[in-house]
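Shared between the two complexes below is chain A, which pairs with chain B and chain C, respectively.
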Partner chain A sequence: MVLNMTEGPVKKPVNGNGCCRTSNGVKPGMNGCVKNHLYQQHSYCSSDEKSSHICHNGGIYKRPFKESFEETPMLVAVLTYMGYGILTLFGYLRDFLRQWKIEKCHNATEREEQKEFVPLYQDFENFYTRNLYMRIRDSWNRPICSVPGAKFDILERVSYDYNWTFKYTGRIVNDVINMGSYNYLGFAENSGVCADAAAEITLKYGVGVCSTRREIGNLDKHEELEKLAAKFLGVDAAMAFGMGFATNSMNIPALVGKGCLILSDELNHASLVLGARLSGATIRVFKHNNMQSLEKLLKDAIVHGQPRTHRPWKKILILVEGIYSMEGSIVHLPDIVSLKKKYKAYLYLDEAHSIGALGPTGRGVVEYFGLDPRDVDIMMGTFTKSFGAAGGYIGGTKELVDYLRTHSHSAVYATSMSPPVVEQIIASMKCIMGEDGTTLGQERVQQLAENTRYFRRKLQEMGFIIYGNDDSPVVPMMLYMPAKIGAFGREMLKRNIGVVVVGFPATPIIESRARFCVSAAHTKEMLDTALNVINEVGDLLQLKYSRHRLVPLLDRPFDETTYEENED
Partner chain B sequence: QVTMNVGVAHSEVNPNTRIMNSRGIWLTYALGVGMLHIVLLSIPFFSVPVVWTLTNVIHNLGMYVFLHAVKGTPFETPDQGKARLLTHWEQLDYGVQFTSSRKFFTISPIIIYFLASFYTKYDPTHCFINTASLLSVLIPKLPQLHGVRIFGINKY
Partner chain C sequence: MVQIFRFMPNTRTNVFCACATSDAMTLAPADAGQQQDGVRATVGVSGDGASLLRGILILWIIRLLFSKTYKLQDSSDLTEKEIEEIIEEWQPEPLVPRMSKEKPAPSYNIVSGPPCHKITVNGKQCINFASFNFLGLLDNDRVKNQALQSLRKYGVGTCGPRGFYGTFDVHLELEDRLAKFMRTEEAIIYSYGFATIASAIPAYSKRGDIVFVDEAACFSIQKGLQASRSHIKYFRHNDMEDLERILKQQELEDQKNPRKARVTRRFIVVEGLYMNTGAICPLPELVKLKYKYKVRIFLEESLSFGVLGQHGRGVTEHFGVNIDDIDLISANMENSLASVGGFCCGRSFVIDHQVFALLAQKAISDYVLIVILSQGYCFSASLPPMLASAAIEALNIMEEDQGLKVVGESISPAFHLQLEQSSGSRESDVRILNRIVEYCMDRKIALTQAHYLEKEEKFLPPPSIRVVVTVEQTEEELEMAANLIKEAAQNILQ
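Then we have the complex of A and B:
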């Protein structure tokens, strides 16, 4: 069954609006955006030299949009490759020693009786896991034994066989500053209004729902939550699901199918990618945040239609995220909305990280840019990050949400949200909106914005390379070399700061990073402590690579390759 | 191709395909060959022709092993092992031929061969060894030999 999304609200683009061809290729003033009556020249003004990139579009962006993705210095890239090369050679040596039993083999192998069978374990595919990841494994999966608020407690572990096994010393490291949790508004707490409300509801409704939404699991709390979420987002209706990942992967198949086209950003999250894959639609990937790439794909799609038959696509859906958590970049939403209106595509916005974290009152990336929420066809988000709960939601027109209530896999087969979680979301949402009578929510949103600006500015001043937009609370700091990944994680823990580090193959090979998540629960003293420690560790590990030379955003190589899912 | 990439910062299914296009890897490779050459030159027993032949042979041997003998990826990819039976050369750019990194890695052994032939003064023995070594590393790069396994060697 194909969802018949009416084209009513989308206005026809106004053609004679003084459009001049800008370097972006996007016609200015075509977004029909209700609030943007200040049409100006859509001027892409970059600084004089080619190497700077401050993207300051005057027209549809009402405030400076500063992003930076400073390029890897060449010396650092060469040293990084050498590092990986040496690790690979040593890996081969150790594998050789293990195979000839000179060294003890710790990982899983078949039993002696099964040696002649077809191999159960692919040895080579675990090469990196065995030889790189195991060496620095103590920076991940650290057991926490308190609520992950601004500070938490960690169980100390020690390893006597180079991280193959861990033993707990029994000591608890107290008050480690938490720079890794997605606790943007500080609602991850075990005391306070939200926690008390959740506890009360547990006493009233219990913890388990024991049914799906369509059977007996539809509580009045769920209805209340959905009305509140719709009000929060400024849309007609909303629907909540028990798991954020499942919201994406179960609802995209309900909205698009075979014969539809999905245009998804390069760096989309696994849930979006899985949902797109499950739907059976054709998937084309455009370069991250690159509007030229997206427009080219849209034009090709509309001109050529479906691959062999050249029939028009049934639907074109653009999948983007509000804040990309690994890059810290914010989506160019005004450009995308104008493109979507010009080419009559639908927009699916995943605000997992940006809801509650951006915008003057925390309503997300749509409010951050001052756009109309009705321009985004499907507003999806999660309650996991800023609301301190679990689950996801989808907001949109009433027809869309009614359709999803009957056709979404999540609604039909997945258990509905647990009552204390629902109450936590209701309480935190009311707090953010100010409906509980205090200004606590507004203070938190402002505190987060201040903390973000302060933290980013200080890190940039210190000379680290930071990726992403100046307003995004996700701060990836580049480490580059494989050894520094492990060293950074360990040194920070020694100085009582918990961070998240990521390396190859999860990131491109020369872009391993540490990702800080700023929270409204961090006080200025905590941030100062963290910054001093980062400064110290940065000097120790020589991480201050920045040469304050910014790279032009649209100059990232845009080659002709697009990736298309094979039709079968 | 788009698949489920859990916990990764990009939607690249197989990072091996992009690694030779990364910034700075050609420079690292050239520096690596230079280092090898300098180390060999510092050994007092070898004359200059012998050193150049050795550089050529060791470079081609290394290139053969890493690009044309080792199959699959050293990390798990989310595409359920499509590239498990492919050598690194075959994985580059998802099998698209004549990309810039493929051209670079085809031309570099030829350049080293020219230099080696010059410095060995076109001596027949050296020429034979160098040519055999060059052929062993050029022939697998031909597009016609993409995915071909002669006599079933290295098939699984």
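Then we have the complex of A and C:
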């Protein structure tokens, strides 16, 4: 009751140590054999696992898969709703005062000439912006003026009119520890191999291309990147696009259309949702990472066919992400792959956050589970995060990529990727693959895994409610109450830590949270400083909601029942 | 009661009816009681009878509540085995259609080295008449150096969207500079040119709103319209009479339903220079229509920005139209500015909305699938700072150097060559044009056909060769290209 462990349908711990999952109901070894990726037990698994816990061939989960979403305490939920209630009441009151010109209204207004036009926005549309968001607006869009590495510099800004406008004081807050950027492998750098390579290409090629791939903007650099990306992903071919968001929103419509069905996880990123909508296919949503829900939808879809006509669906496409950026959860890929095979659906995997950040050699969630990349029909990901660049890719069979080359909206209508950006990706990817002759990339991947485990465990020990998988470098920490969103962001910045806080539109209304992104560039000292500050602010704002006290035991056996034994 | 409803949703309406009727019934005799007895007699319900009826109704309600609910989609008549068989039998279409052997996928031209004035296409050195590098800034040393300095300061990527530490000081500077250059109150930048207008339109125009669009509108406008789910009305390309006819029609409809008309936003979406035709839009007439029919104008200036007008401010400057009369201008920075990304500019009233669109929208509806926001801004990683710096420097050059103007007789630096007489089918037309392109390519002039997704375009333009003139091409080169194209056409069309 207290703990809501998300578990797939077929993976209850079977043997005594409760760590290794063997498959029940799934044919052993159908895709699970560790053929090409041998798990490096010593390197990847952190200290609290014993080697005996690691993979037995045939299991669809080769490593402990532990995700927790602790239930919101009732009192906190009630207080949170009350908080929103009070904010809304005051919002109405202030709107009333503004209407009678008692309070000054800062909203920009329509031109005199256009007063008679139909209003561009309805007044109530802005209620939330005006009355709730505006109070804590300073926690977002903080401008920085350095590399978004492990530490960055923030431009100091102040507001004299309650966040309606900001003034820059001209001062710079130096060396703020960056817990917000998606710099998982620490490739956001202004010196070193990658930056040097990018600099060279800037001088040679310039920064723009001024044409599309299909016309005359297909540079040799783009071809080079695509070959390398295909090799990196372990697929036949790959194609790169200029913007991660558009990779989803402009390629899904090329793959499915009317008469096709899209099954989409409820927490999928906006770009996937937009792409699905633009495609014209029917969209059905399954519960987050819930395999029963997905299977039911698949079964119903095939049995009943399309609504009204009952014609069979042309194709069924499952849209999932590797790591969900707001929950920190990892997709139950082995289950999904077996479902997809059983029901002959196609699988579109968005690895925006997981590529580079998961798996023993950074190949993403497919490698993390020891699966074959060919089991995923469309491997999508971005270069923005782990590679410290911009853009996105799609990998898959040669047929798929050839088709996209002629039918992708992006290839035909959008300007190609900037050459220095391409070069940054090539250089960082080579580094991860070890093609530069060093093990630096590999070390970064390991460092990230260690940092992630360390950081997550410490936060849990302090008594915060942390969402998501133990291996996910995205670490959401629950704040719940609206007032604490702004307070946490400000208090942390005051103590020189830059964090991301997320509130209602991006999360369910009561589940406001702070999100930390662990990076390989963080040193242990930085993480410790950050943890101490979080601890301090957590006490100040009373954020330690968790009712499961973890014993800070380093050699604690890896067993999820540790939690369940705890009483309230 | 509420709890029971939750479990038995299908009986809900029935129960409501029952409740309603029972209320009416219990009231009716009471009312009647205050009147004459005779009335009661005509109703035919005595005091005992009323309570009996009440009892029956209550029993009926109980029966309704506990009776089995019927499902709309009943699958119970299929046995487990039948379901398995159906699943076994179902065969999906292949993910992508199989490529036929005769028609292999066309391969891209490969450009080795920088794509500037002198370009190497498929190993052949040519003069570039194909890419939109109008002002020749792609190869500019000042731009490159500025980008390099920025790279040395910020690295390449931003590792985050604008909201989450992806806002850099250079972004703010570029926005400020663009706003000043265009003489508007505010500007915001996007990290991808294509996404600019495609995500700006749905931030304003929602379901139920009306958008009037030129038939020749480019693909990213079409995608924006599709995402907005508004009501879309096309008018003939650059035909103001046709537009006015449609606007009038709309006015008549509005008079029929003035309540709806009061909340229906209207927009005209046009391009400054049309990507698909190379024609310029008649902006002064559009502005007149705007005020006459109270419609807002969105202007896409990707081709005209940096090209038209004395200072390169685009089609507004070209016609001397007050820029405040245009509600929103969007353009990409991938043509004249030779960088990457796009921007939107306008009055603060309009622009602020895009930045807040995410929050404003979601506040009304948190339904996961309704995403009608300026997503390109809120959810995507921000523009790499070095590209922003390059754009700033390019703007500097544009402001300083007024001599940078596109040469050529036509007003549009990108124009289309079409076949005067179609050879019968689109395919053969494309082949003929392709031979012309290859003929020129072999003789040191790089051209390209305008490529479209033929099945996706709303109004597919005829096949054409798009020729781009830039400041870097000399008189001789222009002459040479013109002669060569003429020669190619003669040789191939004969």
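In this text, the second predicted complex is superposed on the first by the 476 of 568 C-alpha atoms of A that agree within 3 Å, B and C clash if a C-alpha of one lies under 4 Å from a C-alpha of the other, contacts with A are read in each partner's own complex, and residues count from 1 in each chain.
The working rule: a contact is a pair of C-beta atoms (placed from the backbone, for glycine too) under 8 Å apart; a residue touches a chain by one contact, two chains touch by 3 or more.
It should be emphasised that the depicted structure is a prediction, and the values quoted were computed from it without experimental measurement.
Peer 1: Go through the superposed model and pick first if A:Glu156 touches only chain B, second if only chain C, both, or neither.
Peer 2: Neither chain B nor chain C is touched by A:Glu156.
Peer 1: Where does A:Ile302 make contact in the superposed view: on chain B (first), on chain C (second), on both, or on neither?
Peer 2: It touches chain C, and chain B stays clear.
Peer 1: Looking at chain A, does chain B or chain C touch a larger number of its residues?
Peer 2: If we count touched residues of chain A for both partners, the winner is C.
Peer 1: Where does A:Glu71 make contact in the superposed view: on chain B (first), on chain C (second), on both, or on neither?
Peer 2: Only chain B; A:Glu71 stays clear of chain C.
Peer 1: Tell me which partner A:Val273 touches in the superposition: chain B (first), chain C (second), both or neither.
Peer 2: both
Peer 1: Would you sort A:Glu327 into first (chain B), second (chain C), both or neither based on which partner it touches?
Peer 2: Touch status of A:Glu327: first partner only.
Peer 1: On the A-aligned overlay, A:Gly498 touches which partner chain: chain B = first, chain C = second, or both, or neither?
Peer 2: After superposition on chain A, A:Gly498 lies in contact with chain C alone.
Peer 1: Where does A:Asp372 make contact in the superposed view: on chain B (first), on chain C (second), on both, or on neither?
Peer 2: Neither partner.
Peer 1: Mind working out whether A:Tyr128 is in touch with chain B, chain C, both or neither, as first, second, both or neither?
Peer 2: Once the two structures are laid over each other on A, A:Tyr128 reaches both partners.
Peer 1: Where does A:Thr382 make contact in the superposed view: on chain B (first), on chain C (second), on both, or on neither?
Peer 2: second
Peer 1: Once the two structures are fitted together, what part of chain A is touched by chain B and by chain C alike?
Peer 2: Looking at chain A, the two contact sets intersect at 122, 124-129, 266, 270, 273-274, 277, 283, 285, 504-506, 508-509.
Peer 1: How about chain B: which of its residues touch chain A in the complex?
Peer 2: Against chain A, the touching part of chain B is residues 1-12, 15, 18-19, 22-25, 27-28, 31-32, 70-77, 81, 84, 96.
Peer 1: What part of chain A is in contact with chain B in the complex they form?
Peer 2: 71-72, 74, 77-78, 80-82, 85, 88, 91, 122, 124-129, 264, 266-268, 270, 273-274, 276-277, 283, 285, 326-327, 502, 504-511, 561, 563, 565-566
Peer 1: In the complex of these two chains, what residues of chain C are touching chain A?
Peer 2: 73, 75, 78, 83, 86-87, 90-93, 95-99, 105-106, 108-116, 119, 121, 128, 130-133, 137-140, 143-144, 147-148, 151-160, 162-169, 171-172, 191-195, 204, 218-220, 223, 226-227, 261-266, 291, 294-296, 324, 332, 334-335, 337-340, 347-350, 352-353, 356, 358-364, 366, 368-369, 371, 373, 375-376, 378-381, 383-384, 386-387, 390, 446, 448-453, 456, 466
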